[in-house]
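Pasting the structures here.
What follows is a pair of complexes built around chain A, which joins chain B in one and chain C in the other.
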Partner chain A sequence: MSGTPGAAMSGYLAYVGRRLGQFLLVVFIGINIAYVVTHASPIDPVEQSISAVTSYGNTAPAAIEQMRNSLRELYGLGGTPVEQYLQFWKRILRADFGPSMSAFPTPVGTLIARALPWTVGLLAVSTIVAWGLGNLLGGLAGYYRQSQGLKLMGVVAMGLHPIPYYILAMLLLIVFGFLWPVLPISGGSAMNLPQTLTPEFVLSVLQHAILPALSLILIGVGSWFLGMRSLVSHVVAEDFVVYAELAGVRPRRILTSYVMRNALVPQVTGLAMSLGGIFNGAVITEKVFGYPGLGSLLVDAVYAGDYGLVLGVTTISILGVSIGVLAIDLLYPLLDPRVKIS
Partner chain B sequence: MAMLLRDLLRHSTEFRIGAVLVAFVLLLSVLASFSPYAPESVYVVPPDLPPSLVYWFGTTSRGQDVFWQLSFAIRNTLMFGCTVALVSRLIALVVGLVSGYKGGWIDRALMSVNDSFIVIPLLPILVLFYFMMRDRISWLMLALIMACFGWAYDARLIRSVVMSLKAREFTQTGLFSGMSTWEVLTEEHLPYVMPVVFSTTMNNMVWSIGLEVTLAVLGFTDINTPTIGGMIYWANQHTAMVAGIWWWIAFPTVTVIMAFIGLFLLAVSANAYIDPRSRLWGIGGAS
Partner chain C sequence: MHANTEQPLPRQEQPILRVRDLHAQYRTSPFGVGRGVKAVDGVSFAVRRGEVYGLAGESSSGKTTLIKSIAGAIRPPLEIVGGSVEFAFLPGYGGLQRAPRADVARIRWRNLSYIMQGSMSVLNPVRRVGSAFVDFAYPHIGGSRKQFERQVIAHLERVRLDASVLAAFPHELSGGMRQRATLALATICRPDFIIADEPTTALDVVVQKEVLGMMRGIQRETGSSVLFVTHDMGVHAHVTDRLAIMYAGRLVEEAATARIFRKPLHPYTRHLISSLPRIGDDAPREGLGGSPPNLADPPSGCRFHPRCPLATEICRREVPAMLEADDGHRVACFAVDQGGRA
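Let's turn to the complex of A and B:
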């Protein structure tokens, strides 16, 4: 705000530098946790894959030994721990997780690339709708405290918010799948349609997305509503709002430019912080509704015993969530100009 | 403490509803000690009976009495939540107190790690963990792993409280009278931090139980120990909804929702009690 544009720019750059550093730290810690979890376990994924294959029939010992060696190499489990660790990072940086065992010989990368747009689309739309709607209604509820309708909405939000994603998704499934079957309850689009940009396909995708998106929105909207309501009820008591009221600024303008604008700042930080949790919710929602995204891929990979695929989805989700957080962080100065000068 | 409870009961509707819900769920979990059946036993009663006077909540396709199975399940689920909350509170307290009090580079380093733990998506990591452990996964192991992730958000909250306490005069007085950092933190600051710890405990339990239910429903936990998620898992395995055995899914679902809403309301009302501004709002003083 004060200072020359050049100073504001360098302030922004310093901010971007800090956020990039934080992004790298998140990725580093996340990938290391994944490494520790996979390598400290008493169970060897190679032996597991082999026993899964050999249980179907007799296999020659020489063939098993050959398979063991090639799997070791494939999973990067050969050599000293230091070598394994470096190997692990190399594969992640190249996004190379080898072929999938359950969908052999399709590479894990291809499976993930196929699932990613579904998850990103579902998550982006439902998060933006939940966040926008929750903040709008919460802001109104904090400002017009006497409104009965908004009070009732607060009660509903309080009841919905603590319910875990799985339970709510299951309830929606029961209601719209068994009691009142009007919406498709499984899949990402109708089976018989080619996946090209035809109006029928787009319509089918939207129809199939309603229930999974609804379960994410219903849970998400509650926490934003409650947070925004309490933030706004604190902001309206601030001196600058009282002053604006005395100065005769129109109430609607006070609400949008004075109250909501200020209360939104912590809500944006909150959005960045909760992204990991929203992603967890999307994983389970996808599984319940058979949505062809990363969540279904992950769960099915566990059932199929596909080590490379499980590891691939885990690292991609750590990367994806951190990128989402970074994007929100970089947009943050648009809302709060103060970061440029601090 | 007794005074505080009385005040909350008298003035906060949320606390009253929350307390009733939690008390009901607790009662159900205490009843587990009087169950006529062992928790893991199957085919001890006729299968697939609807709720009746003999079997209040009906029986499962595995020949278990839903009522007694549910009381074991909710007991284990609550114990799981308490374990996670307890361990993660300890980590949050240490990190929050040290970070808020020491400041400087220690604070910056701790908070960078802290923010990373807030952001990292936990469910894929837990799934990966189950994938590596398979049948060796145990209840306690899962609780400890979740505790390692559940502290970060609350550590930030505790840090901000300590930062404001540090600027107050009694901290300086304590230091000048020769108290060590440890003594200032535990004797002077901890009493102010404890209410925050209590309210976050409830929220943390809601969080960890929610994740446990999710994992168990997918079969990614020790499914032989009865938990709420485990019950739903077995019901799904026997396609209870399609077979019309709704009581197998409905009663655990209703019970766990009661626990969630109850704990959440307790946390909300405790929060409101800690923050005097919203207390004023409650009685209509600050408008």
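Let's turn to the complex of A and C:
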């Protein structure tokens, strides 16, 4: 039955090893799919670059041919498909995605590094705030079902939930950007400020983040709230909760250690998935609010047929989601002792 | 209507629990039509100090509702509509649900504990067994944590459990171990009164006998009173001192357990007892015709009359009072004369 602590520990280590193997396999397959999909795109980045250059005037055909060859080399598009593929993996393993084709000659890595802090800052904060707030209020609403205030919260959450996200985002823009123009409507910070850690810059970043964060939190709180409330309303009817109540255990203790503790297990899974998904960028949010994050970068890269950039962003998000899933798998046995490690 | 309400209870010394003319209903109003299920309808009895009082009856006879009403575990749609429940350690309120919260919190587990039906699921699945002892009993016992732990370990020895169960999660224990742990949990505070609701129904007979023996042993040692509820007449014969038979929300008979088995008076009790198998007796058992009444619309008069072989005109019209037929032997039946014979 319950083995010795030593055996349990080595069992856990074997489990970690297996999960790490799965993780690497998933990442490998994911990156391959991204490679195939981007290379199947009808847009030829080399021809696009050439037409961009030649549109400014006459260029000798020989020079064009030379340019074409050197561009192919640069983008890793030279040689046979097999050679291209091997070349691609060599670069990936060095974390080198080559130069961006649309923002030539800036390397893809630099573009991603520039966009990443914006996306992660905005999404990590709003995801965690929404998760914490939604679960806390949802848990309370499920436990204190007679409370009028929490009932009202439920109605508001139910009302917000079905509104499509982009409508809500637009509404916020219209209300706080035009009807009552108190907040900036676009960008990550004021254009005229240097991006250094001065108080003005930080303040400007916060101001610009309010609307996108608010839109994400409003939608997020609503769905976590509804999920948690229904989980809790099931848990309170469980025998072990009724028993603890009959035993006169303090209500606050019952709420935290008995009800919330059990209801939170599936919610933690959801949080890890959402945090992993951060690296996809919130495409709609960033487009609507003109936010300089990964989502905007990805969409622009797709339009420009910028292979390297699309692959770079995709690889980052594949890693993000896979790490999220890996983290849940490794944490789950600690959260719920009933999960068997086998 | 309730002819048995004013009948004096048999003489007893210092009852620990006195239930007087208790009426409890499940009130619902589907489609706006009020509907009341009279699950407990005019029940009176008393439990003496140090005795194990049995309560028998088939499914849906109102046993569980009666226990919930006594334990103050009243949630809508269940409602107490009349009568009183008085524990010697919480005098003057006529029911736990009417007493001040602080008083109820003080007596729960200290004076009144439970062993619940489905003891498999009464422990919090995500916390260790030891934490239940801390949550339930430590506020009442106090002292240093070390001292408390020693006391718990000593108490676990009474149910032949090792101290290691405290560090285990509920799912790591076998059914019998979990039941014994629950038994230890319910008796650690040496309560005056224990409500045991089908405590061994889910166990196989060997484990059942073991657990019942331990329970009886601890009860003798601590002098607790027990209200022992099960449909299993064999268990009653084994464990209880006195026994009450419940049918369709009312008590129909009450006497010392040995006496009920030797000389049952009520036709329903007689049927229950004659249906028990005996070694060497292979005569076919006769089934009782009909089925238990629908408590939303119970039969008039004596609720057993549609299934009773002795029913006469008066049984259809009037409710038989619970009268003392013999020394300490109460029965509610018109067919039983006061000499104690049917």
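Quick note on the criterion: the second predicted complex is superposed on the first by the 271 of 342 C-alpha atoms of A that agree within 3 Å, B and C clash if a C-alpha of one lies under 4 Å from a C-alpha of the other, contacts with A are read in each partner's own complex, and residues count from 1 in each chain.
To be clear about the criterion, a residue touches a chain if its C-beta (ideal position, glycine included) is under 8 Å from a C-beta of that chain, and two chains touch if they have at least 3 such contacts.
Computed from a prediction, not measured in an experiment: that's the story for all the values here.
**Student:** First (chain B), second (chain C), both or neither: which does A:141 touch?
**Tutor:** neither
**Student:** For the overlaid complexes, name the partner, chain B or chain C, with more touching residues on chain A.
**Tutor:** Counting residues of chain A touched by each partner, the higher count goes to B.
**Student:** Classify the contacts of A:41 with the two partner chains as first (chain B alone), second (chain C alone), both, or neither.
**Tutor:** A:41 contacts chain B only, not chain C.
**Student:** I'd like to know which partner A:249 touches here: chain B for first, chain C for second, both or neither.
**Tutor:** The answer is second: A:249 touches chain C but not chain B.
**Student:** Can A:25 be said to touch chain B (first), chain C (second), both, or neither?
**Tutor:** First partner only, chain B.
**Student:** Who does A:321 touch here: chain B (first), chain C (second), both, or neither?
**Tutor:** After superposing on A, A:321 lies in contact with chain B but is clear of chain C.
**Student:** Under the stated touch criterion, which partner chain does A:159 make contact with: chain B (first), chain C (second), both, or neither?
**Tutor:** So A:159 only meets chain B here.
**Student:** So, does A:337 touch the first partner chain B, the second partner chain C, both, or neither?
**Tutor:** Only chain C is touched by A:337; chain B is not.
**Student:** Common interface residues of chain A with chain B and chain C?
**Tutor:** In chain A, no position sits in both the chain B and chain C interfaces.
**Student:** Which positions of chain A touch chain B when the two form their complex?
**Tutor:** So the residues of chain A in touch with chain B come to 21-22, 25-26, 29-30, 33-34, 37-38, 41-43, 45, 48, 145, 158-159, 161-167, 170-171, 174, 178, 226, 230, 233-234, 237, 272-273, 275-277, 279-280, 283-284, 287, 298-299, 302, 307, 310-311, 313-314, 317-318, 321-322, 325.
**Student:** Given the complex with chain A, which residues does chain B contribute to the contact?
**Tutor:** Its residues touching chain A are 14, 112-113, 115-125, 127-134, 136, 153, 206, 209-211, 213-214, 217-218, 220, 229, 232, 241, 249, 253, 256-257, 260-261, 263-265, 268, 277-278, 281, 286-287.
**Student:** Given the complex with chain C, which residues does chain A contribute to the contact?
**Tutor:** Residue positions touching the partner: 1-2, 238-240, 242-250, 253, 257-258, 261-262, 265, 335-338.
**Student:** Of all residues in chain C, which touch chain A in the complex?
**Tutor:** 71, 73, 104-109, 113-114, 116, 118, 121-127, 131, 135-136, 139, 168-169, 171-172, 174
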